Every structure is written in structure tokens, then in C-alpha cells.
Amino acid sequence: MSDTFWKTALSLVERNKILIRGYRVQDLMEYCTFGDIIYLTFKGELPEGREGQMIDMIITSSTDHSFFAPSIDATRFVASGGVPLQAAVAAGIISLGDHHGGAIEQCTKMLEESVKAGTAAAEIVRGYRERKQRVPGFGHPWHDRDPRTLKLIAKAGEWGLAGAHLKLAESIASEIKLPINIDGVISGLIADMGIPWQYGRAFFIIPRAVGLAAHAVEETMRERPFRVIDLKDVAYDGPPERDLPDAAKKSKR
Amino acid sequence: MSDTFWKTALSLVERNKILIRGYRVQDLMEYCTFGDIIYLTFKGELPEGREGQMIDMIITSSTDHSFFAPSIDATRFVASGGVPLQAAVAAGIISLGDHHGGAIEQCTKMLEESVKAGTAAAEIVRGYRERKQRVPGFGHPWHDRDPRTLKLIAKAGEWGLAGAHLKLAESIASEIKLPINIDGVISGLIADMGIPWQYGRAFFIIPRAVGLAAHAVEETMRERPFRVIDLKDVAYDGPPERDLPDAAKKSKR
Amino acid sequence: MSDTFWKTALSLVERNKILIRGYRVQDLMEYCTFGDIIYLTFKGELPEGREGQMIDMIITSSTDHSFFAPSIDATRFVASGGVPLQAAVAAGIISLGDHHGGAIEQCTKMLEESVKAGTAAAEIVRGYRERKQRVPGFGHPWHDRDPRTLKLIAKAGEWGLAGAHLKLAESIASEIKLPINIDGVISGLIADMGIPWQYGRAFFIIPRAVGLAAHAVEETMRERPFRVIDLKDVAYDGPPERDLPDAAKKSKR
Amino acid sequence: MSDTFWKTALSLVERNKILIRGYRVQDLMEYCTFGDIIYLTFKGELPEGREGQMIDMIITSSTDHSFFAPSIDATRFVASGGVPLQAAVAAGIISLGDHHGGAIEQCTKMLEESVKAGTAAAEIVRGYRERKQRVPGFGHPWHDRDPRTLKLIAKAGEWGLAGAHLKLAESIASEIKLPINIDGVISGLIADMGIPWQYGRAFFIIPRAVGLAAHAVEETMRERPFRVIDLKDVAYDGPPERDLPDAAKKSKR
């Protein structure tokens, strides 16, 4: 290994052969759900229970949130500039940062570290309060009974996939009197599957690519190129029109 | 509709309600595969046959192609710069252009227009030859019996999902004596499902997000930051070291 | 050269030495304007006249166009997602496609090919009309006397930098009775400098990075995270809320 | 202001009028260097001394670093996928994160906060050591006498633009016995100009767009599409080829 520039344990490609974590791609195509593949890719082994189907549910929950997600708006503006589909989708994906789905990363990390260290909900909450930070993964501006979180929590119970991490998330929720939001539930579920927090945002990036692609195509097929906002939606509060100072007019050219 | 800036037929979000093409997201989570959701999002209705599962197979085929895909290499370099996961994934997605999966778009368009116009394979091939262009979707540098295409074609036959578009692709293949490649088979299948060619690249973008996320995490966890290539891999053939011409030295500052 | 993976004529880096097209970077820093560097990088040699300063004027013209440019809006939405500065800037840059500054590429190509072939303005215009396409680089929704184009054309005349390409653009403008727009003037000027059309969009990408960076920082410092649009600006015209068909409810799980 | 969705103090656009921080764009084009415009855009006022020319020097220093910068490699791979110029440039820009030019942000922040609080170099260094972190902006793998930093420091002295922040950076350098690197010098200089640290990375993003554009064009014009790495550069250390476990073969389809 030491002499090669590129090293991976993820996949192997040879003539007429593609292996994902050792399995032949045609076997995976035949027998696995897309959620199984995500689990296999990130963890290295196929799930033994219904984890793959739980991931199918997770990613089905987050494909689109209409124009109320900055990712969708960004992709619509970019698509209107006249770019290939993958470029418009990529622009929306870039926006999935700390304030937009990114909390899955922070929340999963917090749950994984806390369960490992045996830190109780009350202590976790106290820590965030002392640092004057919000606990990531709780509360939502509109959805106080989010149909996505309710469904995920119900199925996790039914399928025996709710463990210590989701339980800790629920304890934190009752401590801070805010519901677990969709980021927080996904965090609890993937932590309970043993998926490292570094993969957290992927559970939002992958499905959102579906919605972003559809919005990019809809923009192109239904709207005029170069989307322009309305003058009345803009306010300028910088300096009024002014002349250059005389000193600046000594041309440097 | 005429007065609103943002218009969509894709999704509706209200307090505690998220609809995708009219269906409640929690119902879709309960009963549908991820492939069903992609079909619904792009076509507007749920599949009546096994189209959703065919899409599951399609996207399972294309998550990763190791370092032999420029998308993977690009994401590894970008991840090494120290960026959030979604940004590294987005950089790889940008690369999925005309030469890298983008042929799905061109091939689907060609198949859809040709079937509609009743153009035969020989005539299509003649047109490309006259324009000195390659027919998009045929031939592969390594895989002459690609396990992915063989599996997709077999299942499409078994499930009754192979129609006029895939058949036309097969006729073109025997005309030019090159196998249909993975882009070409996906094109035939989605055209047979009635999905407009504008969505073509999405069938590669969505699954590749899985592989790109895994490579970004692997880069971060296994490699040192700021991946640097080896000096011996670089050749410079520009002008040798030289002094500025005297005229340029009349400083403009 | 044949054995190395990476080849370039642009730059050379060795211990304590950085050469751009053969010149030492510290010499360029001492004596050249940024426009000189752009000229040198793209053409391979330093300008002999005032081309570098003309490029300084070109890039100064296009840093910002307020929210009326989709690039700015896209960057504001992406920045609101909580991402690093370079990621927010990149998202805006992606939007600079065929309908948003990208016309510099198409227009420069057309001017370079037409001057080379000796095609007259009337013939060029006839060709676009027959293909039912707009001639790229002419007309603007608001600016009929764009202060940027007037200044560039005046200075090009004064500095002896207006040649056959800009002249052809002016002939096309009088043929179609639309003013040359900012894209068109930049195209004429860089074609007259002998810069290949493939670099065209760079003259918009580079300066726009300045405006995008400033808008990203302003978004972060003045606005709340996760910019959400107003409900009244959204219209949904897809199917109304509906139940899954019974057939779909035969759970696949 | 309170009723409008978009608010800015950066620019104003009306019919035939474009103002940047209140100045007419045609006046800025006539009299200012590109560095002046960057200063004006970020600070709100034109420089009174030679700050604009110092910024011209800063951005001239960082356009290209050959293939030894991950940004350049990423853009080459992405360009090879067959994408528009702006998309290839954007992919490289995304890589300019914490480990690749991003230190300008961290270093400027540290210098601005330390000068404000009166924290001495020794104390700063002690803090980083206690947190087991590297001080951002110091040391370079190859350049121990970087021609870029030497030139910038010399000119800043000559032009009276070296102040408390650059001085503090020099004190830190002698404390940790590592030279200030290019990120660190830029940080000291822009902090001395009173530019907030949030803009720091922009001083690397803007010039690098020049080099990325040139490398994207060179890739397209000199290389074959779809750049493929050599088999010998790849090592796989994941599981060997294996069959699916029987349990997984109970098809879910």
C-alpha cells in the first residue's frame, strides 16, 4: 500500500468486474434495496436486520421541502443561468451546511460521544446552555408534530432499531421541551446503527439530490431563463450616489 | 399563479404536512421504495408495475467506480482541502458532464426523438457518422461484458419493462458493433418508462452522491490533509525562467 | 512529456521559486497590474500595449449587479445554509452559464470565427435568424445606454485597442438595431486582443467572485441563518392531497 | 427596510446606473485598480494610501501553484468530465477550505482578536500548544524563503502599510521558529488594512479563479476527455471478492 497514491477499502474495479466492499455489483443490484447499499458502503458490511429498509425510509423523508429550503431556491436560481443539470444540483447541495441539514453531523457526533461516555441528557443540555449554544437536532420553525419524525420513530420501535442513541435524543427533548426534529431523529437512528457521525450529512445530501434535480428541470421547462427578482423586494441602505474624491482621480493608468 | 414568484407542481409544505406530488410523505415512507419516489417525483404519478424497483437497480449500479472516475478523484482532492462533507460531494457531482455520465441525457434524447419520429437504427448511425460524432451510450474502455448492463437488460426482460427505446438501442449496438454501455442501457430503460430526457443525468447524479460521500469521508479519516501529488508526475513545457522585459519594468504603481 | 500524468505550460513550482509563464512571481508582483497577469496567463506573453489595463477595466465593470443577478441570489441562499466562504462563492459561480455571462463565450467564438472567415454582419445575422436564435451579446432588459459598455468602447478607441472584432460587433448591432451589451463588448475587446474564445467566461467569473464574496459575508453578518421565503410568494399547482392507491399499499418492506 | 426580502449596502442598480458603495461603476473603471475595487467593496470606502495596490500585489501572488495545489488537480479532473468553464472553476474553488488557503481566515481572526485584546505572541502560542493545534499561517512544506512573502513584507514596509497585526505575526514566527507563510502574511496585511477576518479567504479565492480558469482551458485543449488515472497508482485493501450471504438473497423485490 505504501507506494500507491490512491488507496481505498470501498470498491474495486477490474475488467468486467465491479466490487462494492467485496460484493459483486450485479448481486447487490439483484437482492438489495438502495438503503442496503448505503449501509454497506458506509459500514463495510450488509445489514443483518431491517437497517437497510430504515435507511430507505430516512432518505424518502427528505427529498424535497419546496421553496422553504434554501437549497431548492439556490438550485432554481442557478438552473435559470443556463447550466447542465449536475451543476444546478451541485449548487443546491453546497448549501446543506451547518444551518441546513448539517445538524445531522453535529447531533450524531454529540449522541455518539455522549452514549460512549455515559453522559446524561441533563448534563448535555447544561453544557450547551453554558456555551450559549442551541442543542443541534431539536425544534422546528413550523412542524411541531412532524409527520416524518413520527413515522421514523414508530417504525424504529416496530423493527427493533431504536437504541440508546435515539433514547438519549428523546431524553434531551423532554429536558429542553422541544420536539426532536427530522435532523435529530435521523441522527439517533444512524447512531443506533453504528454509523460514524462523519457520514451524518450524507443522509440528507443523497435524497435532496432527487428534489434538486426535479426543481432544476422544472425551472428549465416552465420558467424563462435568467430568473429576475422584483424591484420592490430590494432595499439598498448603502451610501447614496457620490463622486470619486479628487485624490482618487489622479489616474493610475 | 401569475402573481407569485415561485411556482411548483412538485411539492407542498404546510404546518405538519409535506406532500410530494399530492401524496403525504409519511405514506410514501411507509409503502414505497426509493426508486418509487424517484419515479413519482419525475413523472408525477406512482409506477403501476415494477418501474420503481427497476430504478432501485439502476441507481444501485452506479454508486462508485473507484478512482477510475474523475468524479471520485475530484472529490478526494477537494475533501483534502478541509471542507464540509456536502461541499466535497458537490465538487464531484459538478464533474458529471458530457463525458462522464452525461451521455445518459444525450442518449435518452436521441432514443426518445427517434422512436417518436420512427427513425431506424441505420439512419441514426448514418447521421452521427456524417457529423463525425460518436453515438452516445455505446462502447466502454474496459467493460465489454459489463455486469451492470447485463443484469439490467435481463431484469427488464423478466419484468416486462423493455420496450421500443431499449430495442432501438440494441439495434444501434449491432449496427455499430459496440455493446450498449451503462449510460446507454439506463437511457433505454428510462425512455421506456416515459421519463423525459431532461432528467437523464439525475439517474447517475443521485447514486454517485453515495460513493462520493464515502470517498470524502475515507479521504478525511485515512489520509493527511492537503493531498499533494508527486513531483515525478508533473512535466512543465512552458517558457524557461526569464526576466521581465525592460518595458514592463516601468512600474505602473 | 509522454510519461507524466500532469502536463502544463502555465506555471512551474520549485523550492522557493514560482514561475508564471516563465516569469518569477515576485517580479510580476512588483511591476504588473492584475490585468497584466490575466493577459499573461491566458496568452502566454505580457501585453506590449495597454491590454492589461483594459482587462483591469473589464473586470472592474462586472463585480456586482445587486440581486438582479441570479448568481448573487444563489450565493445569498447558500451562504444562509451555514457554509464556508469559498463554498458560497462557488455556488454563485456555477450559475454563470449560457444565460448569465456565458454569452461572452458564444459571442467571442462567433466574432473570432467570422473575422477569420471574413463573414459580414448581415450574413451573420441572417444565419441566426434562420436558426431562430438570438445573436449572443446584444440587447439588455434595462440598460439601453449601459455606462459600462460606453466607457469600455471609449477607452478602447483612445488606447488603440479597438480592432476588427469590436467593429464587427458594432456592425451587427446596427444590423439588428440593438445595442451591444456588456457581454458583447467584452467579447469584442478580448477577441481583438487575440484571446481564444475558450477563456471568454473567465472575464466574468473572476470579477464576480469579488461581489459574491461580499454578498456572502453580508448575508452572514446581517441576516439570520437559513433564509426562508415568504409563504405568499409560493404557488403550488400540482395534484391536491391524495391517498396512496391500494395497489401501492401492498408494502414492499 | 423591514418589509423587503433582499437588503444590501453593497450596490445599487437602476436603469443605466450601477453604483458600487455609492460610486458610479464607470468612474471606478476609469480611475481605480482592481485592488482598489476589492478594498472599496469589502470596507465601504476607497483607500487613502496604497492599500489598493497592496491588494493588487496580494492577488497577483496567488493565481497558480501548479499541480501541487489540490484546487488545480480538482479542476483538471472536473474539466475532463465535459463541463462549462464556470463549473470547472467552481469545483476548484470549493476545495479552498481549512487546509488550503483557508488559514487566511483563521489567522486574520486570531491577529485581529489578539491585537484588540493586547495578547502577546508568547501567550498566543501557548494557547495553541495547550489545545495541541498548529498556529494558522506559519510554515510551508517547501518554501522556507517564499519569494511571495518576502516581496509583500518588503513593499508593506516601503509603503507604510505594515502595522500591529503584521508585527504580531512576525513575533509569533520568531516564537515558534517557523517563517510566516503566504497565508500568514496576507492575514497580517489585510488585518492592518482593517478588513474583517470574515473576508479573509476571498483574497485567495479571487486570484485562484484566474489559475483555475487557465488550467480548465488547458485541460480541455490539450488532453483527452475523461482523465483516467493509471492502474498502478491504485491500491485496494477492502474485503476480497465474496458472495452475498444467503440471508441477503431472500430477494426484497
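Each chain carries a letter (A, B, C and D) given by its place in the written order, and its residues are counted from 1.
One rule holds in what follows: a contact is a pair of C-beta atoms (placed from the backbone, for glycine too) under 8 Å apart; a residue touches a chain by one contact, two chains touch by 3 or more.
What you are looking at is a predicted structure, and each value in this text was computed from that prediction instead of being measured.
Student: Which other chains touch chain C while also touching chain D?
Tutor: Looking at chain D and chain C together, the chains touching each of them are A, B.
Student: If you tally contacting C-beta pairs, which pair wins, A-B or A-C?
Tutor: A-B
Student: Averaged over CA atoms, how far is the centre of chain A from the centre of chain C? Could you give it in whole Å?
Tutor: Distance between chain centres, rounded to whole Å: 31 Å.
Student: Could you work out how far the Cα centre of chain B sits from that of chain C, in whole Å?
Tutor: Comparing mean C-alpha positions, chain C is 26 Å from chain B.
Student: When the centre of a chain is set as the mean of its C-alpha atoms, what distance in Å lies between chain A and chain B?
Tutor: 20
Student: Can you list every residue of chain A that touches 2 or more other chains, as numbers and ranges?
Tutor: 5-12, 17, 24, 28, 30, 32-33, 53, 56, 66-68, 73, 83-84, 86-87, 90-91, 94-98, 102, 229, 233-234, 236, 252-253
Student: Take each protein chain as a node, join two nodes whenever their chains touch, and name the resulting shape: line, ring, star, complete or other.
Tutor: complete
Student: Quick one: which bits of chain D touch chain C in the complex? Just the residue numbers, please.
Tutor: Interface residues on chain D, with respect to chain C: 5-18, 20, 24-26, 28-30, 32-35, 37-38, 41-42, 56-57, 59-61, 63-68, 73, 76, 84-87, 89-91, 93-98, 101-102, 105, 142-148, 150-152, 155, 196, 198-202, 205-207, 209-211, 213-215, 217-218, 220-223, 229-230, 252-253.
Student: Under the stated contact criterion, what part of chain B meets chain D in this complex?
Tutor: Interface residues on the chain B side: 50, 53, 56, 66-68, 70-71, 73-74, 77-78, 80-83, 87-88, 90-91, 94-100, 102, 141, 225-229, 233-234, 236, 253.
Student: In the complex of these two chains, what residues of chain A are touching chain D?
Tutor: My answer: residues 1, 4-12, 17, 19, 21-24, 27-28, 30-33, 36, 44, 46, 48, 53, 83-84, 86-87, 90, 94, 229, 232-245, 247-253.
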